[in-house]
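I've put the structures underneath this note.
The two complexes that follow have chain A in common; it is paired with chain B in the first and with chain C in the second.
And now, the complex of A and B:
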């Protein structure tokens, strides 16, 4: 599926997660954040986003505990930065796939 | 396995006599390798059966066999646990002080639940109002509790991913619905499913086709709920964002971790799962070390079927590594599982790293006889029959007719708007 985000054409899945993390950039991130009611991405947000992308590019599967142990943030702050569902929302903003189970 | 040479003379050490370890011993018994398997346990359990124990089905006796009867002749079983591994010296030490040298090491220690990872989980409510069903003892204790439970709220809850058999908690909720309906108590019992993920179903096709099942069965769902602590004095789960869920009976799936001796090694991630190449199963740190099944940090389901589909790639690569040849990267993340829905129906899932569970027919395209992602009675019978397939075909390393290690897209219905390379 195709979507234009902030003037950039990207491939997304049915729920709007980028299917190719290489198509991502910071403008896209900002636009997705707005869709998720996060008006401004602070330095802390970016730190977390960059960390998530770095992990994923190494082929590492993410979970909330790993984010909590990352040294970048703790789980409480992670929930404050990306309210509702921190890992799914942060992943979406970072241009990564949705964290899923097998079903 | 393509290699047919039978005169290997090296030492293969397998840690863990679970599904993967026993299968591997059978698969390699004719290669000439001297095989040692290390596991302190006396018995091997058919773990998919644990799900049914709390509902009064099966007994532990039905689900276990002595490991000695399951291993092929000629394989040495060391009934000890591993304490440390010297990767530079290619040897390991057991708790009894034995040193075992290896040419190839396979880590097949699975995963287990760690109650200590969640504050409050084992406080005053433990085994009183809080249970798990991932251990034989836990499943038996919960059986007694459910038998006496007449009224109140049951919360089925997952602490964190990854977990062994990711669909088991959902199956538990469905079977609980059945259990209390059959007892005429369902109106008095509320069932809530609480998950750290975005919902009970997280994949698009499954969500669309199956999302209604929870509402139909009157099971509430609370999503994105990552437990900070359990307040067992007040029967409450507390999320990191302050939300609370109360329970009368908590059926939890605690955090899953790898074997204790792996935790602080540089070959594992922070949960103790061995970091391996996702397609070759070789450790990313040591060329003569492999991990298989739940012990590996593969981004696919932790399940017996996955271990089964890994075995051919693993055997081939163990021998290639001994022959000094490049490894093959053939494992595709294939998993296949029955999902019990209650009312004597089940789903069948077939998927891999790339392809989500889709509708279709299995194992024969267009014919079946099993239907993928659809509730059917035949899938339920398949699930029950699988126990026999497990003991007589899967564990002894025999081929299961018509079931292939690589997932096939034939017979699967592609969702619209998505292109898939076949």
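And now, the complex of A and C:
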């Protein structure tokens, strides 16, 4: 389905995850972050978002452990940056599909 | 599709209201309030009791705990009886797959009683788990802690096995009696015994 986020038309699934990561940009990220009650994306947020997108573009399936070993952040900080479900919420903001890993 | 659109419209109209996960109605607004006893009331907390020392039982607990935290659900893990091995410094990296009495291993029962077979089966399973990015026990405990989960040991089981707090994983949140464990229950909690 179609959704307009911050003036940009994008394709999303029923839960609002972008279905094409190429349609993403930083304004979209900011708007989705607000929907998830993250008022401001700090430099650290962006670092994590960029890292997630880079991994995904290499076809790597993401999980919490990989984020913890990324060198970009650790698990504790990851939970603080994206409260209430960090991998889910960070993926949504980063324009990626909903994570499918059990880890 | 129609349902989804309706619920999205509804969501917009009632922006900021807490929604019931099951029926997508607001919990508190008079026009569309979902039954407060709705079976879909959100899962808020998991209390996971690990009572066995075999790898499959311990990892079932870890994966459910980690999965809950990833969904924003609170987690208490409570290690009791042989499950204490999973948080015992000496034993946590030497957990084994149980072969005897385990039809899931797909091998004749008698194989399990030969020396070394359990270690071999365990080694093979750990290797496969590593390939799947499933962490070893101590790292899994670190992950549960870092993600905000709590780890408790059972007081009675520690007394039975003569274990002291210093024998256990350093970062446990405490040693509890069964009564203290139940005190940690809040509405929206599920208790799982493994």
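One rule holds for everything that comes next: the second predicted complex is superposed on the first by the 100 of 103 C-alpha atoms of A that agree within 3 Å, B and C clash if a C-alpha of one lies under 4 Å from a C-alpha of the other, contacts with A are read in each partner's own complex, and residues count from 1 in each chain.
Definition applied: a contact is a pair of C-beta atoms (placed from the backbone, for glycine too) under 8 Å apart; a residue touches a chain by one contact, two chains touch by 3 or more.
Treat the numbers as computed from the prediction; the structure is a model and nothing was measured.
Once the two complexes are overlaid on the shared chain, A:83 sits against chain B and chain C alike. Of the two partner chains, chain B is the only one that A:60 touches; chain C does not reach it. When the shared chain is aligned, chain B and chain C each come close enough to touch A:14. Shared-chain residue A:98: touches chain B; no touch with chain C.
Within the superposed three-chain model, A:75 lies in touch with chain B and with chain C [touch as defined at top]. Ranked by how many residues of chain A each touches, chain B and chain C are led by B.
On chain A, the patch touched by chain B and the patch touched by chain C overlap at residues 1, 14, 63-66, 75-76, 79, 83-86, 88, 99, 102-103. Residues of chain C touching chain A in their complex: 1, 4, 63, 66-67, 69-72, 133-135, 139, 142-143, 146-148.
Listing the residues of chain B that touch chain A in their complex gives 160-162, 166-167, 170, 196-198, 201-204, 206, 210, 223-224, 226, 228, 239-241, 255, 269-271, 278, 297, 299-301, 335, 337, 339, 349, 351, 357, 415, 417-418. The part of chain A that touches chain B in the complex is made up of residues 1, 13-15, 59-61, 63-66, 69, 75-76, 78-80, 83-86, 88, 98-103. The touching residues of chain A, counted against chain C in their complex, run 1, 14, 63-66, 68, 74-76, 79, 83-88, 99, 102-103.
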